[in-house]
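Chain naming follows the written order as A, B, C, D and E, and within any one chain the residues start at number 1.
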Amino acid sequence: ATLDDVKARGNLNCGVSTGLTGFSAPDANGVWQGFDVAVCRAVAAAVLGDPMAVEFVPTTGQTRFTALASGEIDMLARNTTWTFSRDNDLKFEFVGVNYYDGQGFMIPKELGVSSAKELDGATVCIQTGTTTELNLADFFRVNNISYEPVPIETNAEAQQQYLAGACDVYTTDASGLAATRASFEAPGDHVILPEIISKEPLGPLVRHGDNEWGDIVRWTLNALIAAEEYGVTSANIGELASAPGNNPEINRLLGTEGELGAMIGLEADWAQKAIMANGNYGEIFEKNIGENTPIGLSRGLNAQWTDGGLMYSPPFR
Amino acid sequence: MTTMTDPPGRGFRLSQLIYDTRYRSMTIQVVAMILLMLLFSWLVSNTIHNLQNLGKDFDFGFLSQPSGYDINQRLIDYNSQSTHGRAALVGIINTVLVAFLGCALATILGVIAGVLRLSNNWLVSRLMAVYVEGFRNVPLLLWIVLIFALMTESTPAPSAFRGENPDSTMLFDVFAITNRGVYIPAIHFGTPFFDNGFFNWLLVLIVLGASIFGIQRLRHWATEKQEATGARPTTWYFILGLLVIPTAILMVLMGAFWDIPSLQGFNFGGGIHLRNSLIALWLALSLYTGAFIAEIVRGGILAVSKGQTEAAYALGLRPGTTMNLVILPQAMRVIIPPLISQFLNLTKNSSLAIAVGYMDVRSTLGGITINQTGRELEGMLLLGLFYLVLSLLISGAMNIYNASVKLKER
Amino acid sequence: MQQQATETVDRSQMQVSDEVAIQITKMNKWYGSFHVLRDIDLTVHRGERIVVAGPSGSGKSTMIRCINRLEEHQAGQIIVDGTELGSDLKNIDKIRSEVGMVFQHFNLFPHLTILENCTLAPIWVRKIPKKEAEATAMHFLEKVKIPEQANKYPGQLSGGQQQRVAIARSLCMKPRIMLFDEPTSALDPEMIKEVLDTMVSLAEEGMTMICVTHEMGFAQAVANRVIFMDAGQIVEQNEPNAFFNNPQHERTKLFLSQILGH
Amino acid sequence: MQQQATETVDRSQMQVSDEVAIQITKMNKWYGSFHVLRDIDLTVHRGERIVVAGPSGSGKSTMIRCINRLEEHQAGQIIVDGTELGSDLKNIDKIRSEVGMVFQHFNLFPHLTILENCTLAPIWVRKIPKKEAEATAMHFLEKVKIPEQANKYPGQLSGGQQQRVAIARSLCMKPRIMLFDEPTSALDPEMIKEVLDTMVSLAEEGMTMICVTHEMGFAQAVANRVIFMDAGQIVEQNEPNAFFNNPQHERTKLFLSQILGH
Amino acid sequence: MSEVHAQTVAYVRDSMVEQREPPLSQSGAYKWIHENLLSSWVNVLLTIVSLWVIWVALSHVIPWAALGIWSADSLAQCREIRDEIYGAGASVACWAVISERWNQLLFGFYPPELYWRPVLAFVVFLAAIAPVLFASLPRKMLWGSVVAPFALFWLIWGGSIWMPVAVALGFVLGWAVLRFAGPAIGALGGVVLAIVVPVLYWLFLAGPLAGGLAAALPIGLEPVGSNDIGGFMLATIIGVSGIILSLPLGIVLALGRQSDLFIINKCSVIFIEVIRGVPLIVWLFTASLLLNYFLPPGTNFDLMLRVIIMVTLFSSAYIAEVVRGGLAALPKGQYEAADALGLDYWKSMRLIILPQALKISIPGIVNTFIGLFKDTTLVVFIGLLDPIGLSNAIRASTEWNGIYWELFVFIGLCFFVFCFSMGRYSLFLEKKLRREHR
């Protein structure tokens, strides 16, 4: 089973994107950083007790599924949209959603476009190898307007093409648009159109058939989300863990009460370690892509359900 | 003839399988064959097993399912509701197109650079050396990306053509060079003979072909005249007339009119759009391969010994005539075989189209289709087969040519 | 050496006119800073047959290559048939089509048949109709005794045959002067004779010839002047008998003793 | 021709035994459909020195190459030293290591020193210890008078020296029969003598030799039989004096007149 | 008309003309310029055009590159500094990305404190390849070349020293079988046995042996995973191991293609043509997407290893053609002489033919290597972080998001320097070989 393999190996093989601003990228020291990376670290911390015991395997849009199917990686935490066919036809198991995204459009302000419906005849830069091009084709077909797709392999090229005016519009997931815009010299000259033409729930996935492992990854993600909900942060977790409080849910989450850890074959303090790795979901968000980072994404749909968002962890009991 | 080298009477011995030249080769081949078969069956059984484990099958049915994605550059009808098979076909045509254009331009560039590199102008020959070495020693992928970016950076966006006093204007009012590609006028027919546009163009092609045939006859006649009288009659205006007039008449009859590109909405509309991805890939492939061809051409010309030039000069032939009649025909024999293998390389390298988003067969069948359907095995197999067939066709042509120009020796 | 071949030459038939065919005055040439030809003075009259001899590297080839501008001279004057060789392209073309040249390594065009080799220049330079050019070519091929090879390619011929084709090719341009640069030195002994025979018959017809060669038998039999070069200059010249039997200059003596003692 | 070299040979020393070294019966060979060797019959006794002559293309080389199976014959029998040459690899190996061969173009191994050239086969085929092989090699190199070159590479030697090394290399395998295929025809005249001398001394020691050569002086002095081939068959054979002075067959006469008149 | 000797002026030179300097117009800068730049109007035109081209290129690139900013933490900071110094919007390079990330471009994520290992490995590699490339070095050094691959492997990936030693032992075993058992059972049998025994050893014995030794005597370096290897180091490793590993296979294929055994010949031809007929990128996708299908269920190894296997197969087809050229260039006499001395096929190949053929092939092999080295950039499409892949990853970091040309220029320059010098070397070698053959 995957869990045993990971334990025997002593590290987690986690597939990430070869580079997506805010989600996964190596820093100057070669340490991978980002929103997706944090999920991997949390799982590693939960399973092995060491958030650094992760071997990051960069994957492209083309190679990611094969890498997972062949067992080269234990889990894939790469902006991958959860779709019916990927779940069933490709035989994977999405364990949850760590970011609710949607495909949007970015366009220079000076073109004076305020709605995607006005894009008739526009040249659209898209990143290939994802669901993006399918959504785009559907959107324009349904609205019966024409467009000229310019497929681009990497974000860097797309950015360069867009800035040079080789395409009028750049479309990719809204988070990517925000990240791209943040890197412009004059971000204010570009607007992201209000239309979000697709649902892109991004989440980690594992192979079909190894449900124990799937559960571990699923509940690690849930633990991060729940921790935010309960106000467990990396700052107060030590305190909360050493002295069990009066919130039984927190106690169960942190392993001070109940046997949840044993049920998924981990130590009792697995969630505690997972949260300590990078903080809770909110902290991870703020640190990597939140409003105080250059990328500056607002929580939006990714806020806790209590705040009107969609982040909702099933109960720990 | 009978083999009598073995003494009769002694029967077959097992050791002969190894020590007798007649059986030995059989033994080795049979063993090799068996090993090979074993290897193959091992691979195949592994594949079957693995497919089973993954719950997949081996099925080309996906080719007839709708693809769901759009392709910007297509020479045949296609939309996102067409099948994956059709998408593959669009890709194949695009691959062939860029390979063909690339081979043509690379040859031209290579010949020019190769000849100029031998120029006695120091500056020019140095410059060509820089070109050749620069392109040969940097990965093609980098060049493709760089040229693509350079083209977008150095040409104006369509928006620059807009407004009262636009930053850019169209070349001769008919060509628009933008960072999305080059827009050139197209010809449309107002009173076409056939409803299907294809047949109209076919008709034009036929007439054009007939004109070219006429020109061939004319030139043949001129050659005969030259052989008879020594002087070659001036024929270029006949040739020009023959080339232009019949086609022009046909076009007028069909009510041909220019469709000149003009700014419409976000983009230029009308005319023919040569996309930047095509141009960049085309240029990069041509420049890169051209650098190799330049070396081949240079080598070919150098291989024709200096004595040949001198002999031609001594006979009073002018340098131009010498080049055409003496040097090039000989250099050709040296140049063509490696040239063809460069064509092969270019064709294979066109699979890097992915870097600029040119939708060749690697990007459609081998890219998006595989990605959307998860049919890696089938897709890669088809892709490999396509390239293999293309390569074999090209190298087959090379062998025929080689055989036909072989120098007669004693 | 092939003296037997040339013994039959009837020298009295070979006439020399007063007309000057080539006039070289104070010609100098450098390769870089190396002074290859130094103050060459030479007058060749129409009908003269001149043999140039000299040690290797003495500049013999360079000198005759200057005469049809395969090499450029840097100082002095070369007048061929009344036309001065300068940088004027027209003059160069004119002279080249009047001066035939035969090389050591034949330099036939391997991609053309023998006949095409011979008709190429007449057709393209002299603008002669093909039929006519072919007739001329066949005439000269017969003269060099290989008409039957006309449709073969050079690669299919022996060295001697190739050299004879090279001579025929030059003759097809109806040159008034022929230059030979060691025409026999790349040939096997049996083949030398056939080429020399051809050259002798040319001489008998009164062709003006300058011939760089080491075939002293040929020189004695055919030449009416032998020029000896060394270190880029003409050291001695004389009519053959005097030259061979009574050399004056030290270097000539040394050279002859080596060549003949061989 | 190098007759002076071979005049000193003392023919009485060269003994011919009754033992048969090579027995060729009705041997035939085709290249494709071209019949190169036709019904060759030849018996060579131990100690015999046979010279094979004949016009170019007559199949001389092919015949001796058949003897150590560099070419395969298609019909007939070749028995060398009692072993029949067939498709049995062991026999082929056995015969090859007993028959030495010297080629026209030496075919020394340019990447090995002279000594290594000589020790290679003894070490790898005969499995002789390296020391011993080197001693033998030096012995034979001394015999061919170039021991001082042992550590040079073939490229550094003259043609004659190279050919002598090639002979020494063959001898190091202690062959009982030596085949020579025009060993001197790629050499300059000065070098021919030194190689012939080596061969003569070999002959004096009683080596069985078959030698394709045009050196008639050598044939006259050393051979005890001359075989004349034409068009793939043995046309005439005789002892040298009779062969040269009194050829019987028309072709032989023609051939000898060409060769000797040369 | 006059008689033969009428004009013959007998002439003897009394004083020899001394060597003179050429006239001024014929030497020096004037002549050089005249001849090389202005000899005809076409030439003048060409000169002007060339000067214009050079001017256009340099006037854009030089200021951009030379004024570039070398120290900054991020693109934004770079832009601030630029605005300060040159005013807003000036076009200057931001080389800071190189000065901050050059080590990643060269070594990938290899731990910086261990950089000495790849560097040392590179030096060892140069030392090992030197005796192969430069014939003047003592032949004894070739033994070093034989051992080097194992040392290189150990240096780069680290881990226990006993693993490479155990693997190397397999080769020794094969050699020993060939040497000692070969004579007893015949050449062919020897060869077969020399292949079978080591393979069995590697399959069943090598692992436990290495494990045992490691337990008994733990010597080792800190292991570094393939995932940490990237940048030019990755390109070099793939290129070098591709070429070196493909040599044996390439030689076998070349021999196969020369063989007159029908099946073997045809198999080699088919293999070579199929490999060469399909683009490398397709093979790389095969390595990354399909190789797992072909191997027994559950086998799973490193993508880098898979790529090396694929690249090895790929380059073996090209090497085979190069070696075939070398084999064909050998005069037939060498084969015949070896036969005549009684050497069997394998011995004559090993001792006579291959040493010479390979020597002739070295320039071709070097050229193949250059091509392969350039082609390693394609691994970016399957997610390996080669220099180009790393440049994408660097751009994905928030600091450097948006930077473009500088990374490409740096990578291009590195490739150029490397490939150009290799190319010069192979040219030098070709010339030398041609000289030696004259």
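A few comments on the model shown:
Please note the rule applied: a contact is a pair of C-beta atoms (placed from the backbone, for glycine too) under 8 Å apart; a residue touches a chain by one contact, two chains touch by 3 or more.
Because the structure is predicted, anything quoted here is derived from the model rather than measured.
By the document's definition of touch, common neighbours of subunit A and subunit B comprise E. The fewest steps needed to get from subunit C to subunit D, moving only between touching chains, is 2. For subunit B, the chain whose average C-alpha position is most distant is D.
If you compare A-E with B-E, the chain pair joined by more contacting C-beta pairs is B-E. Among the remaining chains, C is positioned farthest from subunit E, on the basis of C-alpha centroids. With centres computed from Cα atoms alone, the innermost chain of the structure is E.
Subunit D and subunit E have Cα centroids separated by 47 Å.
Each chain gets a centre from the mean of its Cα atoms; for subunit A and subunit C, those two points are 87 Å apart. Note: centroid distance subunit B to subunit D, computed from Cα atoms, is 57 Å. Residue positions 18, 145, 149, 354, 370, 376 of subunit B each touch two or more of the other chains. Shared interface positions of subunit A, i.e. residues touching 2 or more other chains, are given as 62, 66, 160. Counting partner chains per residue, subunit D shows two or more touched chains at no residue at all. Pairwise, the chains that touch each other are A-B, A-E, B-C, B-D, B-E, C-E, D-E.
Within the complex, the subunit A residues that touch subunit B are 61-62, 65-66, 69, 89-91, 110-111, 119-123, 128-129, 133-134, 136-138, 140-141, 147-153, 157, 160-161, 164-168.
By the touch criterion given at the top, residues 68-70, 93, 96-97, 99-101, 103, 105, 107-111, 120-121, 123-132, 152-153, 155-158, 166, 169-170, 173 of subunit C touch subunit B in their complex. The touching residues of subunit A, counted against subunit E in their complex, run 17-22, 24-30, 33, 55-60, 62-63, 66-67, 70-72, 154-156, 159-160, 179-180, 182-185, 293-295. Across the interface of their complex, subunit B is touched by residues 32, 35-37, 39, 43, 46-47, 50-51, 53-54, 186, 188, 261-264, 267, 273-274, 276-282, 285-286, 289-290, 292-297, 370, 374-375, 377-378, 380-381, 388, 404-405, 408, 411-412, 415-416, 418-420, 423 of subunit E. The touching residues of subunit B, counted against subunit A in their complex, run 54-55, 68-72, 79-81, 145, 148-149, 152-153, 156-160, 179-180, 264-267, 269, 275-277, 354-357, 359, 363, 367-368, 370-372, 374, 376.
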